[in-house]
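A short write-up of the structure that comes next.
Chains: A, B, C and D, in written order; residue numbering restarts at 1 for each.
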Amino acid sequence: MNLEDIIKDTNTYYCLECGKCTSVCPVARYDKCFSPRMIIENALLGFEDELVLDRELFSCLTCYMCQSECPSDVDFPVFVREARSLAQGKGQHGICAHSGQLQSLARLMTSPNLKQKRLEWLSQEHRVSEKSDVLFWVGCAPYFEPIFEDIGFSALGITKASLKILNSLGIEPKLLPNERCCGHDALWTGDVDTFKKLAEYNAAQIKEAGVKKIVFACPEGYRTFKLDYPDYVDLDCEVQHISELLAEKIAENSHLSGKLMEIKKKVTYQDPCRLGRHLGVYDAPRKILEAIPGIELVEMKHSGLEAICCGTSAFTNCDSYSNALRAERLSEAVETGAELLITACPKCQTHFRCAQVDKGEEHRPTPKIEVIDLINLVADAIGEGGKSSKKK
Amino acid sequence: MEEIRTGVYICHCGLNIAGVVDVEEVAKYAGQLPGVVVSREYRYMCSDPGQDLIKDDIKELGVNRVVVASCSPRMHEPTFRKAVEDGGLNPYLYEHANIREHCSWVHDDKELATNKAKDLVRAAVRRVCRHEPLVVREAPFTPSVLVIGGGIAGMQAALDIANGHQKVYLVERDPSIGGHMAQLDRTFPTLDCSECILTPKMSDVGHHPFIELHTYSEVEEVSGSIGSFKVKIRKKARYVDESKCVGCGDCEEKCPWKVPSEYEMGLAKRGVIYIPFAQAIPNVATIDGEHCVYLQKGKCRACEKACEAGAIDFEQKDEIIEVEVGAIIVATGYDQFDPAVISQYGYRRFDNVLTGLEFERLTCAAGPTEGKILLKDGREPESVALVHCVGSRDQNYHEYCSRVCCMYALKYAHLAKELTKADVYQFYIDMRCFGEGYEEFYNRLSEEGVNFIRGKVAKITDDAVTDEEKGKLVVVSEDTLLGKLIRVPVDMVILCSALQPRADAENVGKILNINRRADGFFLERHVKLDPVATPTDGIFIAGCCEAPRDIPDTVAQAEATAAKALSLISRGTVTLEAAISTVDESICHGCGRCEEVCPFSAPSIVSKNGVMVSEINEALCKGCGACAVICPTGAVTIKHFTQDEILAQVDALTEAR
Amino acid sequence: MEVLSPYKEATEVILEAGGEPLKLCYQCGLCTGTCPWNMVRSFLVRRIMHEAQLGAVDFGSEDVWTCVTCKACVDRCPRGVEIIDVMRALRRAVASLGIGVVPDALRISAKNIAGVGNPLGEPPERRNDWAKDLKVKDFAKGTEVLYFPCCVPSYDPGVKNVARSVAAIFDRLKIDYGLIGTEAKCCGEAIRKAGYEETFQSLAQNNIDLFTSNGVKTVVVSSPHCYHTFKAEYPELGGEFEVLHIAQYLASLIDKGKLKLSKELNKKVVYSDPCYLGRHNHIYDEPREILKAIPGLELLEFPDARENGLCCGGGGGRIWMDTPKGERFSDIRVEQAAEMGADIIAVACPYCVLNYTDSVLSMGKAETMQVKDIAELVAEAM
Amino acid sequence: MAGFEPQIIAFCCNWCTYAAADLAGTSRMQYPANVRIVRVMCSGMVNPLYVLKAFEGGVDGVLIAGCHLTDCHYIDGPTKCDAMVDKLREMLHVLGLEDERLRREMVAASEGVLFARVIKEMVEQLKKIGPSPFKARTEALA
């Protein structure tokens, strides 16, 4: 796609240059060089080099805050995404956090004859079934373990908790031994080639597995399968975030709800951008929190449609501005008086945990609050009871 | 953005490179790489005309990046950086490809070697585009030197520097300086008395206003780097007040406890409080705390009563002294190989099997026998055998030739002849007499009627098979020139033991951060062209800590290290590493991981405009790159070794030719 | 004066045949000085190395066949020259390439080994006859241990008791062991050292195939020569088994408390280290531990024991060759033992048993001195 | 796998292993020409991405070699390198990459012989296990 096509496809022509986008943009609040309006203006004036060679192009969080305010319905996040693919063509890829290892792993996963050992963590206590028509998407979790060890984050902890919940709901899902990266980060940093390859390999495997439904614990994988795969591959499958599935079961008053043990805690909830503004899932996580006895949910100053992003997307341009933004969000969480900050996205958790290692500002150190995934909280509430359902 | 105009220069190195690598083809190949405006090959790039090619191209063709493919950058990178600088460019806009040591010398297949050379050049061309000009910084040089070891090497180095009126800290582990040379009686090939030439030097060291002498002391910790080493010296408690002791020796006389004397190789005893030998510097007593009955069991204090000067101080504690020096000279010497491990030679089993240093003490007029060569039972030997290569030239012990043994064996043969009427047999493998006057000395000994038997001794036994052998030590060997096994009955056998690295060489290496060779001696920076420097800037090595050597060579080396140290002092500054760490504050989160990982405390988290970020202290950074690896955000980079530069090289190496 | 012209082709033959390390020799003569032959006659190992370096070897000389491969010289050699390999290469040049003449006695043994698989020329089907009356089972898949006694105890009536003692011990301890079929052949260690490389290869292949097809995992041997070749040489040809010398096996049983020796033996016993157990394989302690476990036994040591142990004279194929009276190392050993007042010379090798027994008899000491394998002593003490 | 010539990138520390490779050259030791050396100042400078990128490029093996633990010019670089390699290995293991493809060695400046041996061994080993599974990726892209 060339710049012109991108402008066309994303309604950018209709930009009124009102600047609302910049005024609501969380990045622009800290990074004075970043302005969605200016980015669009450069594009409309045809300054392609200025657009794509600017490091700021990779600062956009694609959080969709701007679009909700845009009077012309310009799809700025998609515009940025496509512009980044032009930038990639010129060797630009933003500043990759963690040395770019994560991006590299995704590229390596485009090898055709890969024989991953991604399920070695699986133990007797999780029940999975080769024959199941429900697939649970494990995602990047096995690769995250060594990288995020030092901030005390275990992505596999979320995966294991998910399996525990699914098992207690009577679902013994299938896991793919050679599942590839979903390609979310590759797509959003403009590496379309990698994304396409990954999508193709995944689609082929899933088809071969003959599943009807895929459950995700990660909003990014969920979004990618739901909204992006259809543009590239032919995959006829229901997709669902585990929070939606769980909320459904709770609403059906299935056997799970009665079993939840009391957890006496005041908590607040971070809407992940992908789950919230991208896909409109706001209620399900809250319903689940309500269903756990003892949990008191308090909302942050900005929540739901107005929730502020965790500050980094696709492990790119994780700079001092994004860190300041994250600190602000953590302050909001702490101000609610909650003991726990709950998220429904593993990446939100990495970023919030990581920020708490940082020193922050001289006179205002980064606020501290324990961050856990909604799924872990639910798994805790199920307690050992989750295992007893085995007998049924 | 500036246009990249790279000049590529492929060196033939005579036939060293061109004999294997098709240099014309590599140059042609390099010429069509992106950004390359000129590509040449030349016989010797390091020669003046070779360097001129670069300088001219910079001026005439506007070359702004330079790649030379030649020998190792460890050899000539500085040469070509200088040429680039002389040509008017920043010296860091240069990249080196190693196509000799890493290519033409290790591969004989011409096609494979040529392809490899092309790859290495391509990678260098790709990388040089990303180089940035760097500023070389200077820091002041502390005008003082630490010399470790007070043997002849350390003393000579210390005197040379001190005579240049620069401060020297000389640290010696033993109570007196002098080292092994002080134990020797005479020195080959001139047979002059060791003491006579050594003691004036010892005395000079002891009284020199520019030498601060710390005996009975050890270097405990060294930090910092060239120009500014911070050194901690442990001055061990000698329980004697050095300023009060007059060295009269009354205390040693009165000390009721005796232990074997290290100086006399255990052939005589010394008091627990002692002055190691008559000419000791400093001439003060030392209490050997390990054996002192008062210090161990709380009773005695005989020495205290004997000392009129009141110098005994049982309350003395080890003291830590901290000094700052610009350079360090290591002259820690050697240990004598212990031949007891070669069981068939019977050392320690047979009374009259001696090591070289033991024999040395017997021949010394001040030694335990007052210079008489005597057997254990007090008789004078009628025959003496000298066994060469004990523990050296032997892969079971030390593979190297210990260098001095042939000559000291000749010296012993002479002394045995001179002091007794004994027949002398030399069992040698090869006679190595390479120094000034050495071959002549060998001739002289032949004239004196020493028997030379070519053969490595198989065993020394007291198991007599003939009457003649009864009561003797029988040396069994093949006389390889006769092609016969021979058994020589003798009264005394001297094992010419190898010189080996000191037992604590590993530890000293760790403290100073200098490497050792496979043979355990300290590694020089370049075996031929930089023999007294170590790979660590500002640390030099002299004498037997680097390899076995004789006194003239040791002294020459010591003088060389002194010259090196003086030249650094006279320059007055040191060049600091330019390829160091830098932080992009707009990316940094101030997490502090760099601060934790840095062994030199270069980064610290400070407030900039109210935000906590990392800041690098450029004087402390050595450019190791650990911070850049640990940085989660990509805020830290190492100049000249940026991620971008190295990946450019990696990418280029993985591409098809 | 005879003018010597180095014979390049011969050097190449030797180098090719496996004598590569000899290039390193710097002619110090330590090997000659160390070699036990020079106690009884002149044998200039160093000179052979030099001749071999130059290709000026006299292949007709008996020196080619003299070395007993006791390894004393190799262990001390300052340049790490594999002298035994060089000797083997010289012999191979003669035996396989026909450059010189093979001594008669050796030629007959070699013919026997190649023909019927044992040096004694006995029929293969009688290999296990020594155990005929003992009802030892045949090795079958799943049997824990294979006992491989060596050709000498299998056929030689004077040494049979070594194998029978092992069988007796194993039976008493109810060890699940068996004997392999009569298709087994000589291990080939000595014939290889004697230069018959091809014979060795075919023996080794035969045994490896036999062991492998029978599912052998653990082999216990009586001979250090079998031990050495099974352990160090068979793996190169694809034969990987756990190999234990009977001394190791019994010592570990004693250590675990499974083997208890109760019968007293009030004798002075001196142990002679077999070269292939000691220097070649560094097994010095186990045989001594076994002997010390026998109640009443007083263990003596030769002045040159362990690493310095004197060879019995039977290694490197010498066991099949004649050594004239006056040149036998075993005579020296027996003399030493007699001087020490030993009643028994204990050994752990069938070749040692042969040589020492011979010396005791020929020196007329049979009344006062016995030669016993440690297995025999253990069996008696149980 | 006849005719397969593995491609190796070696990250060598300037002070020890790069010098050891120089020594191998000065001593004219022959070793296979399959290796390309990238000079780094310290093994602790090797970023995991360098290794991953080399594999992306289709190399069959990567060697990271530097000073022995106590020889480091920068005090403790090798320890940091070991920690990095441990983590990286975990990821490469999940990716299904054979362990032998990433080799970590400590080769001192005096160990030219060892350097040549490591390269020989690595080439032999890689010849045995065949091309990297990621090679197909680069071929698919080409």
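By our rule, a contact is a pair of C-beta atoms (placed from the backbone, for glycine too) under 8 Å apart; a residue touches a chain by one contact, two chains touch by 3 or more.
Fair warning: this is a prediction, and the values are worked out from it, not measured in the lab.
Engineer: For which chain is the distance between its Cα centroid and the global protein Cα centroid smallest?
Structural biologist: Taking the mean of C-alpha atoms per chain, the most central one is D.
Engineer: I'd like to verify one number: the distance from the centre of chain A to the centre of chain D, where each centre is the average of its C-alpha atoms, in whole angstrom.
Structural biologist: 36
Engineer: Between chain A and chain B, what is the gap in Å from one C-alpha centre to the other?
Structural biologist: 59
Engineer: Taking each chain's centre as its mean C-alpha position, how far apart are chain B and chain C in Å?
Structural biologist: Computed value for the inter-centroid distance: 48 Å.
Engineer: Please report how many Å separate the Cα centroid of chain B from that of chain D, as a whole number.
Structural biologist: 30
Engineer: Indicate the residues of chain A shared as contacts by at least two other chains.
Structural biologist: In chain A, residues 99-100 touch at least two other chains, as defined above.
Engineer: Can you list the chain C residues in contact with two or more other chains?
Structural biologist: none
Engineer: Multi-chain contacts in chain B: which residues touch at least two other chains?
Structural biologist: As it turns out, chain B has residues touching two or more other chains at 629, 643.
Engineer: Name the touching chain pairs, would you?
Structural biologist: Every touching chain pair, ordered by label, is A-B, A-D, B-C, B-D.
Engineer: Please give the residue numbers of chain C that touch chain B in the complex, ascending.
Structural biologist: Those in contact with chain B are residues 26-34, 38, 42, 44, 46-47, 75-80, 303, 307-308.
Engineer: What residues of chain A sit close enough to touch chain B in their complex?
Structural biologist: 95-100, 318-321, 323-324, 354-355, 357-363
Engineer: For the complex, give me every residue of chain B touching chain D.
Structural biologist: 72-75, 98, 100-103, 105-109, 112-113, 115-116, 119-120, 123, 506, 509-510, 513, 515-518, 523, 535-536, 579, 597, 599-600, 622-626, 628-630, 638, 641, 643, 646-647, 649-651, 653-656
Engineer: Taking the complex as given, what residues does chain B use to touch chain C?
Structural biologist: It is residues 343-344, 389, 393-396, 429-430, 454-459, 463, 476-480, 483-485 of chain B that touch chain C.
Engineer: Touching residues of chain A toward chain D in the complex: what are they?
Structural biologist: Those residues of chain A that touch chain D are 99-101, 104-105, 107-118, 120, 142-143, 145-147, 149, 193.
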